[in-house]
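In order of appearance the chains are A, B, C and D, and numbering begins at 1 in each one.
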Amino acid sequence: MTGEYTVREQMAAVLARDLQDGELLQVGVAMPVAELAVRLAHLMHGPNMELIFFGGRMNVHHLEYYPIPEYGWDNRVVRWTESYSDRGHRFDQLKDWGRRVFFIGGIQVDQFGNTNLIGIGEDFNKLRFRGPGSVGTPTLSSHVGRYHIVLNDHNSRVLVEQCDFVSTVGWGRGGADARSRLGLPGGGPKWCVTPLCVMDFCEQSKRMRLRSLHRGITVDEVQDNTGFELLIPDAVPSTDPPSVAELDVLRTRVDPDGLLRGT
Amino acid sequence: MTGEYTVREQMAAVLARDLQDGELLQVGVAMPVAELAVRLAHLMHGPNMELIFFGGRMNVHHLEYYPIPEYGWDNRVVRWTESYSDRGHRFDQLKDWGRRVFFIGGIQVDQFGNTNLIGIGEDFNKLRFRGPGSVGTPTLSSHVGRYHIVLNDHNSRVLVEQCDFVSTVGWGRGGADARSRLGLPGGGPKWCVTPLCVMDFCEQSKRMRLRSLHRGITVDEVQDNTGFELLIPDAVPSTDPPSVAELDVLRTRVDPDGLLRGT
Amino acid sequence: MSERREHLLDEQQAAAWVEHGMTIALGEPAPMAMVRQIIRRKVRDLTVISSGLALDHLIAAGCVRKTISYYAGGGVGVPVAPSFRRAAERGEIVVWECEEGILTSGLEAAGKGLPFLPWRGGVGTSLPEVNPDLKVFTDPIAGETLIAVPAIKPDIAFVHAAVSDAYGNVQHHGGPGWIDLFLVRAAARTVVQVEQVVSNEAIRGNPWATTIAAADAVVRVPWGAHPFFSRGHYIQDVPFINDYVASAAAAAKHGGDPQLKNYLQHYCHEPVTHADYLERVGLTRLLGLREY
Amino acid sequence: MSERREHLLDEQQAAAWVEHGMTIALGEPAPMAMVRQIIRRKVRDLTVISSGLALDHLIAAGCVRKTISYYAGGGVGVPVAPSFRRAAERGEIVVWECEEGILTSGLEAAGKGLPFLPWRGGVGTSLPEVNPDLKVFTDPIAGETLIAVPAIKPDIAFVHAAVSDAYGNVQHHGGPGWIDLFLVRAAARTVVQVEQVVSNEAIRGNPWATTIAAADAVVRVPWGAHPFFSRGHYIQDVPFINDYVASAAAAAKHGGDPQLKNYLQHYCHEPVTHADYLERVGLTRLLGLREY
């Protein structure tokens, strides 16, 4: 029974387990795996979690069923809101964002967890690919207690040695004090979760390191699809698969439409 | 008939005539003359004036009768509010305060219209008289289009050569560019209205100048009760008395309880 | 005795405030009735503070010289708004690179009459490199490294809301878009398009709900945010949005693809009034966008 | 599965959060039930961010070392709060001189996690001279002269509101006091005393009306702002306030006047609970403070 799960369900389960009760959870745009991971954690073990979405702040632990909106900007998702997190002043309580966890993607992610939403090219005025812009990620990533990088694809076009432009500072050019030297209060990126594996960051160098492999994935497969030299421990465990209970909550209450069960 | 008015009614009428339709009017605490002047102007010629009080913003031009609250902090005055001027962020639209007119008192007012709400004494740490503090007057006086100094008493203890401490900059140490040199966008103090007279400020020196005398008051009386040398023009006119129409609106609609008719 | 002046304008009168070269700001959901009227006026060289597909409309129509945007996403499955992406890659527009906190700091500075405000988000990123208006400085109190964001001063802010009285006292249902009040406070003038004009008494019944006081102009345009949502009134029209994105993507890919030109012609240039636009969309379609 | 945690405390539990030497902030109307409990605890050396007569109570009771106040007025006909004036003139308290815009800038800086914010109001005045924490500096963008206000960080903000749910989602009636939300955003913890606790569903019916989300503690104290007002619930008790001012003025003038000591004893030290205080005030008197 537990054998039957998709890699996206695996990713959601991994992320959900890292989230602690009482935390505030905020997900970037177009990140369904992270959206559903947050809801899974909320229902599994987070009665005091608060979900931040579209300026609304909500606790839906008591609801039997909480569907993800079919469209990323569907304002109906605020129907369960208890307050607006930004009553005209979104960043007025940044000092309390240590309890907030954020999830971020990127058009480039480098070996120190810096990410890029600006664009690809050598010259900012002649970009080969113009990205969508940084949204609020520079401010969010500077202040939240920690964040996870979540990628829909694991390949060497996204995972690059160095970002052409940095829109969020992960661990800069490396070193445990990379962020404190910049005066950034937030805890920085913790994991990078992809369809192949979970990666974290070496405590000293802050280079990205393989943490666990999803079912059926090999170390070589990961390294071949990564554009920089990944730190590989001697023994790399398998990612803990979703439990029966997690899959049950996921499929019956969080993702009944099977958003994560498609490919 | 027009002979029957009090000096406080005179002061209110003078102030009311300076206020233009479309302006926003804000009065400091414990200033009944200015409070009622604002209401008089609103009803006489200001259908587009807005009164700012207690964080509320209101237009009561359509009301038959609008009493002043019996107590300065009586929240019932907000019953006619259309919006709160400070939905948690009182000073967020200071750039638009050029349309705002403010009225201010003070424990000391000097020859350049600087005022003091901090205290009296040589040493801040050993004040002979500790004042109430500046409220919002430094910010207000820096940004409003113009303001009037309104005094309940005209004597040389209040009207001094130089304030012991300056809580609002009028015209600093003098000169037409006194405020622009400080970078203050607001237009500064226009008049000082007292029970004896109306004073303004010389265009060049920005020293205080006698503008008009209330009924029965002499130039000597004013100078004798002023703690600095006042600029006295060759001919000083009488203050225009309240008109029949002004007194009618004042007494029937603005001040039916006779707050200004007592001494 | 004269009466209190009403602030009501029609959509063409309000659009006439926009002149070549101005800086305009668009709230969220985008005030699309006004966006269409601005396109119809063929205004040029605008600096536009906006995000997503409303910004994309104005770029596609050739109105834009410079963008101030924290995010120009293209909707579901389209990471970047197509016309924005093409124009930026071809150097046809200037991109004033920023992010939410930097943008709101610049807007707050303008509202507060300050030349700048400090911000931490963006320290260590490429933002101060690609946007030289952002100055990295050392704070005078604690010696920390921060970014000085210059005041951002829109000439006009356009926002969409649920209701207003005739005097411009606006109330949103379900809260304004997160950036709207920043834009309003920073802008020299504000135009609010609303679903409905209500009595002054209705506003005074709950003054704390008033989100914008004395907006300079109120424009009554039911369904005025279409194809986007209006809280408490209608949800977004997803197929319509997807059609726009497909047209814009095709035009961006192939240059002179006619589909986008047709869209702009049919929905922005030809309808004289907002009601004309709604007639083209059709009442059945509009009523299908239920409000819950 | 565990349940969502409630944030309800009684007034004594909440007051126990206050320790000697802390910085506390009081909203407007003052949260008097909490002020009385704090006095009852005989806390010392507080830095108090407050104004007017609530501040005067704490000074009269000997709890205060330092004040951060834009205004310490004494009510009708009493320009300066009597205990504040006496303590300041005798050097018994430290006055951190400021004004509204400087105070809110310091609070905003704290909320935003910034070491300072710039402010123009106060440039050219004596404020930077009498308060050396305010640094006059030249802005890095336009070269203007501004005041750098350091972040002001209260340990606890105490505010009064109309209602909250059990989870600390607070809604004011008729708007919060103008400074309350600044205090809440700046403070490490927030205690809200409310007239009434309502259901979570009532809050979710109008989430935009929620003024404070997830306050750390909610204390249910009907008539808790007495002798001050609570919008939609009661008006202020003017004779009671005048009696306090007269007592405080007499004590300030003559030193050991017993009237003020009696007031503090009778209304602050002896009543164990807020209900005990209300019993002393009397229901007839309370019901006379009508709500309109």
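Definition applied: a contact is a pair of C-beta atoms (placed from the backbone, for glycine too) under 8 Å apart; a residue touches a chain by one contact, two chains touch by 3 or more.
Being a predicted model, the structure only gives us computed values, none of them experimental.
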item: Contacts common to chain B and chain C (chain labels); value: A, D
item: More contacts between chains, B-D or A-D; value: B-D
item: Chain whose mean Cα position lies farthest from chain A; value: B
item: Whole-Å separation of chain centres (CA-atom averages), chain A against chain D; value: 40
item: Distance from chain D to chain B - Cα centre to Cα centre, in angstrom; value: 29
item: Computed distance of Cα centres, chain B from chain A, in Å; value: 58
item: Residues within chain B bordering two or more other chains; value: 56, 78, 84, 87-89, 91, 143, 185
item: Residues of chain D touching at least two other chains; value: 113, 119-120, 144, 174-175, 207-208, 211
item: Graph class of chain-chain contacts, one of line, ring, star, complete, other; value: complete
item: Parts of chain C lying in touch with chain A, wherever the complex brings them together; value: 29, 51, 69-76, 79-81, 84-85, 88-89, 91, 95, 97-102, 104, 119-127, 129-130, 144-145, 174-182, 211, 228-229, 231, 235-236, 238, 292
item: In the complex with chain B, residue positions of chain A that touch it; value: 87-89
item: Complex contact set, residues of chain D against chain C; value: 113-120, 135, 137, 139-142, 144, 146, 148, 150, 172, 174-175, 207-209
item: Residues of chain A that touch chain C when the two form their complex; value: 29-30, 55-56, 70-76, 78, 84, 86-91, 107, 118-119, 124-143, 165-169, 172, 182-185
item: Contacting residues of chain C [partner chain B, same complex]; value: 1-5, 108, 110-113, 165, 167, 169, 185-186, 200, 203-204, 207-208, 210-214
